[in-house]
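All chains are identified by letter, namely A, B, C and D, in their written order; residue positions are counted from 1 within each chain.
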Amino acid sequence: MTATWKNPISAFDPEKPVEEVVTNDYLSPQSQWDAVRAYNVPTYEVGRLRYYHKWGGHGARLWSRLRYWPTRRRVLDISGEYNAKTLRRQKTIEDKRPIWWVLALLALAIVPFFIPENQQNALLTAGAVFGIYAAINLCWMLIIGTAGIYSLATYAVVGAAAYGTAYLSIHLGLPWWAMPLIGSIIGLVFGVIIAIPATRLEGFYYALLTLGLVELCRVYVLQSREFGSATGGLFGADSYIPQAWPQHDQLMLGYYAGLALMILALFLFRFVNGKRLGRVLRMAPEKREAFAEATGVNYRAARIQVFLISSLALGFIGGFYSTHFRGAAPNLFSFDTMLLSLSMLVIGGLGRSEGAVLGTLIVVFIDRVLVDWGPMRFVLIGTLMLLVVLFLRGGLFGIKEQFRAWRDKKKSENRSSRAEKGGEMLPEEATETPNKDIIYFRRFDKMQRDFLKKLITPELIEEHRKRPLGQHSEALERVLTYFRRQPLNDKYAITVIEPFKSYRIVALSGSRGVAPRLVEDKTYGTPDEAYHALFMRRVQDLLES
Amino acid sequence: MNWGFVIANAITLACIYGTLAIGLSITWSSLGLINMAYGFIFALSGYGAWLAAQHVSANGFIVMAAGILTGAAGGLLVCALAFIPIHDKPNFTVRGMIATLAVSLVGNQALLWYFGPRAKSLPQLFGASQTSIFGVVMTADKIGAVVSSVVLLSAVLLWMRSSRRGLEIRAMMMNPHAASIVGIGVRRTGFYVMALTGGLAGLASVLLSQTYYVGPFSGITPMVKGLSVALCGGLGSVFGAVIAAALLGINEAMTSVVFGGQYVLITQFALIILILLIRPRGIAGILDKAREA
Amino acid sequence: MTHRFSRRHVVGGLAAGAVAMPFVSRRSARAADPILIGLPTAQTAQAGVADHADYLNGATLAMEEINAAGGVLGREIQFVVVDLDPLSPESCQIAISKLVDTKVHAIGCAFTLVPIPTADASSKYKCPFLWGVTQRNYTEEVAKDPEKYGHCFQTDPSEVHYGYTFPTFLKDMKDQGVWKPLNNGVHIVQEQIAYNQTISKALQAALPNSEFTLAKVTDIQYPVQDWGPVIQDIKATGAGAVMIDHWVAAEYAAFVKQYQADPLKGALVYLQYGPSQPEFLELSGAAAEGFVWSTVLGVYADEKGKAFREKYQKRFPGIMGLCYTGNAYDTVYFLKNAWEAVGDPSKFKEVCNWIRVNSYRGVCGFMDMNNKYQECAHFPDNGYDVTAKELEKGMGQLFFQVQDVQHKIIYPDPLKEVALRPAPWWT
Amino acid sequence: MEKKEVLNVKGLSAGYGPMRVIHDLDLIVYSGERVGLVGLNGHGKSTLFLGIAGLTGWQRGSIKLNGVEVGRTRSQGPGRYTHQVVHHGLALIPQGDEIFTGLTVEEHLDSGAFTPRAWRERAERKERVLRIFPPLKKLMKTAVGRLSGGERRMVSIGRGLMAEASLFLVDEPSLGLAPKIGKGVLDALMSVELGQSAMIIAEQNVALLEGRVDRVIGMHVGKLKGEASASLTFQTRVMT
């Protein structure tokens, strides 16, 4: 301690030397305020509030007039307002997903022009497969995610439609454009048959039943001579791809047709999942069906409707499949196909269309494009699946949500398990205190005590010991002022046993008529000694608080 | 029709199916996990037994012990990978199923890569003799498999009924929350249930090695069969699984005699669909004494 | 303003990169300059992995020999191996597309079970495509549309010959006196996949032209849990010859074990192609004694074949597959001859024409694909399409019998090592 | 008889996610004591019990059971360590029916005795439980799922009493039962001989506890609010 305090009163008595005392360095009370205000809990900048970029200019009304035909839905959900500070108009895009979708689909649309030539065949073929699988997975997602029916018969519907239309095309000369249409009729019929047990069974039992159905289809197709048991599949159907075209053009056409199919499926997903049916079903989540039913939601009918609609669509895709590949093969019904498809849904995230598309993209890319990797592909897919399932609740597209939920949980746990946020009061106690001034007073008091604790040093105590009364250094003066300001109950005082000879320390009771109580046995010979002992007692209390 | 033959055949098949289904059923009943990696454990333990037969000794007991131990190790692996990290997380049933699927996907490819595609055979455990029972010729390994699976099934049933661990497993299947209150640790029970069912899979793999040879994908068919039987019996009911195994065995024996072998799969799945349509919760739905809690 | 400028810069750079990429990769491809053979090989599927591995090994042996001897036209041969699932048309198409992308000069493959989509994927590229697919349904398509499939060659006879030749084989055995049949009935036990169905149909078509008659057809379905009912059926039918028309080696092994335990006394039991897979003997052991099987594609046991077996054993120790190893070896040498004759591997049309017109005698026999099916001629002559009258004009279908836990060729006569001998259950 | 600390809770805070139900709570229970825990709905009685058993969403602070630290100071999967706490001598008889519907009453009682010594002595323990709840004698082979509410409650408490525990936590034994049956259940609890162990009974109906427990502790917004010997004056003081 280098700081010394010179008693200013010494100036009045020039005969004596200037009184000097070693004391603390100056410590600003502001430092404590800053320390309290500094946020100590680890927080994350991202998303404490959802961040919206604000664009200048008006536009809300303009944008709200534009609708997606034939829906009443706005093209972009834009809200406009006046900025209260700058007094300028600004607008916010509330939901940016349409933009991402458009960008992603645009990227898919132009990507064939940027494929290096030595990859073209493989990537375009895989691209068409991707489109078809993504469409199938979107419809499956409607069944599993929206309707909550654990059906594994998706590929049975697709396969039945594919086989049916291929058969009709080969034997009756069905043109290619009629195949998806006939396919959707076959799909609907199949859907009705499969939907009947769905009203009765639930969960894994239904899954097993549909698995059985798929197996039945596979066995039937393998054995049936009409359905090409002799050729390992039924081939030779009419195709929308003109056979005379050069290979590159054929592949391009196939790719864009697959992409168009996927976009159709996306629209279907949007119209079923985002509209009335989807909302009805979201009101009746798993295990809450009874409650939903009690509120008048006919979730059974809604489920069956969704199931039938997606069966229709799957039939359409089946028809498309057979005109694309010019036939159908039994591996449509195989366990592996289903397993791979399931991994696509899981990796992307169950219940969302973007999950189905991204999952399909990833798995089709690994499985179909990296064919020269051999067995590593499946190890990669398996590892990806395992990691996603172990760590992610909603697939890759659930990461953001899950991270936010985790962060909020941790934050709130920390906040609620910390005793001292805001000072002396617990949040629950604070809410029950009618006089809010008390809360603020306690908070201030705590802060002040924390600051004073830092001022207590041996020098300060030594200063007080030397001269308990009179002018003191700034630090000691602050401490003493705080002590003197304390309320009367349990406040320490000095009682004179015998003047100039014997003093003791007592504590005031705080209520009128009740005598102070003794706090210790010790007696002190001089008032200064007693003053200092009392000071020490208070310091001790301060440090303990 | 040769009735003795049909009956003998039905018994054989029922025993095989029961042995396959019981591990799956116990796993589901106690841990709530549909173990799709069962086929992988089956194949893995087959390879374990094969390695033992190649490098240690072709003695039946050693081969069997190696199979059981490898199976138990496989069960522990699946438990550590697919059960412990997520058993108390939301959506466990679906996630657990997919995690085990992933384990089996990777595991099967690893087996294919390490051991090659060619099937291996284990030494005959029960010798090569044969006997004729009621005019039906039975080979020693078939009789051995039947006898050991009957012994095994009754031992497991008895153990589940009367022992303390069995009680723990049954308690955990009914109410995991209450189970933890009476002092059953879910993770510890998980480990030993998976080791046990893995061991059962290993035993089944060794016993059935004369039917399903040891190969990287040899576990898939047994798993699908076992799963069908376990589900058909009612998930979680060991007794139901045994009955379902018997029913499916009779069905298969009858079908192959009356209609012909190519219709076995069709009648089998038709029967399962029929049973599930009548009893939506499997055969155990009939046996279930308690009401829904 | 700077912000906008930089963004434009970035977009421009991206576009330039995308345009430049094809040129870069093309140049690097030309620098290496080997002759590329595409080998679609099943490595992860549940079916066909063993055969495909054999094929890859055989091809590798040939490639190493040729490269060590200076290559073809002074250029090295290199392989491009891609994975495929022989059962899935999508997977096969993508595998072929991948090979087309890498601009291979020829494609060699063991087989896929969906041959038509596979061939379709290569139909615009038209590099020589040689494979041992063994399917008449497919070669019929080739015959129908030579314009489209003119580049596809089947390096072995079609599977129908299994059926067509069976009565001939039985008659010869009977005539030679090594087999005294119980009766003239033939009992077919058939599996349901395309391959088995076709064989069964062919046999049923061939039987009326012979002295043998169809006793019964029993259907089975993979996976066969228990052969008991089938054996029961065989005994009840009591036919002189039994054809087990199946394809899985492991299940054959289960069958022979159960059959040995409870046989139909005196019947000749013939197993389809499956026992050619090395695991058959390993799995069944002594129980396989006396069973007969055959393959239309196999490494001969003559001098050439024996030399090949030795070389192969040295390079790939362990148990050797006897079908697709030799086939791949022959295919690569056949391609080498074609390229050397034409002079430029990238002239696909000329190379294909050369392969069609010319022939090659390899370790698996004589490859002559100059017929409308573009498949190898079959020996012995059974009166049906594309057969050769003499051994050195076609590929011999090899009939084996398991004798002392070894496969021994018993038929056709020019190739036989030993004679058929009585199976343990005949006495 | 020497009094030792069976349970010593220091600075326990517990809650579920963002909700904090118990604040910085201290509690000591001695052997041989029967303690009543009273308080209104939602003031943390059950959460205190669940916290001791390690079944809350998160918790901080120290819990010593027979001198062994069993508190966890990080957020955890609820129930992940409960079985260890149980093996250190805790018997929790939870609110509502936490029962195994498919087991028979006998198996159910057995399931309460999973510690090795209790398992060995389970026959005598069953005897003892049957003395306390004679109606169960006839139902021994019945599945618990078929019993009535009162019988289930008896089974649930009986299961708790089977354990070789030094601390019994009984949560709302009379909840949802007809008053007469509820009183009977409480009578049965009072008749249990504690010996070296202790028992805490949480109850909203203070009248039922009056004069029958050694002391009563009140609970108010997650904190203990004073204690007294059981008397109605206490109730008036706490509840106003």
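Convention: a contact is a pair of C-beta atoms (placed from the backbone, for glycine too) under 8 Å apart; a residue touches a chain by one contact, two chains touch by 3 or more.
Given the structure is predicted, the values throughout are model-derived calculations rather than measurements.
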Chain nearest the overall Cα centroid: B
Of A-C and A-B, whichever chain pair has more C-beta contact pairs: A-C
Most widely separated chain from chain D, with each centre as the mean of CA atoms: C
Between chain B and chain C, centroid-to-centroid distance (C-alpha), Å: 37
Distance between chain centroids, defined by C-alpha means - chain A, chain C (Å): 55
Whole-Å gap between the CA centroids of chain A and chain B: 40
Set of chain C residues in contact with two or more other chains: 43-44, 46, 192, 221
Residues of chain A whose C-beta touches two or more other chains: 219, 223, 375, 378
Complex interface listing, chain B residues touching chain A: 34, 81-82, 85-86, 89-91, 93-95, 98-99, 101-103, 105-106, 109-110, 112-113, 220, 224, 227-228, 231-232, 235, 262, 265-266, 269-270, 272-273, 276-277, 280-282
Residue numbers on chain C that touch chain B, as the complex places them: 43-44, 46, 49-50, 53, 192, 218-221, 223-226, 228-230, 232, 249-250, 253-254, 257-258, 261-262, 277-279, 282-285, 319
Chain D to chain B touching residues, read off their complex: 53, 55, 77-80, 82-84, 86-87, 92, 94, 97-103, 107, 110-112, 114-115, 119, 143-146, 159, 163
Chain A residues within the chain B interface of the complex: 197, 200-202, 204-205, 208-209, 212-213, 215-216, 219-220, 223, 335, 339, 342-343, 346, 350, 375, 378-379, 381-383, 385-386, 389-390, 393
Sites on chain B touched by chain C in the complex: 2, 5, 8-9, 12-13, 16, 109, 112, 116-121, 130, 137, 139, 210-211, 213, 215, 217-218, 220-221, 252-253, 256-257, 260-265
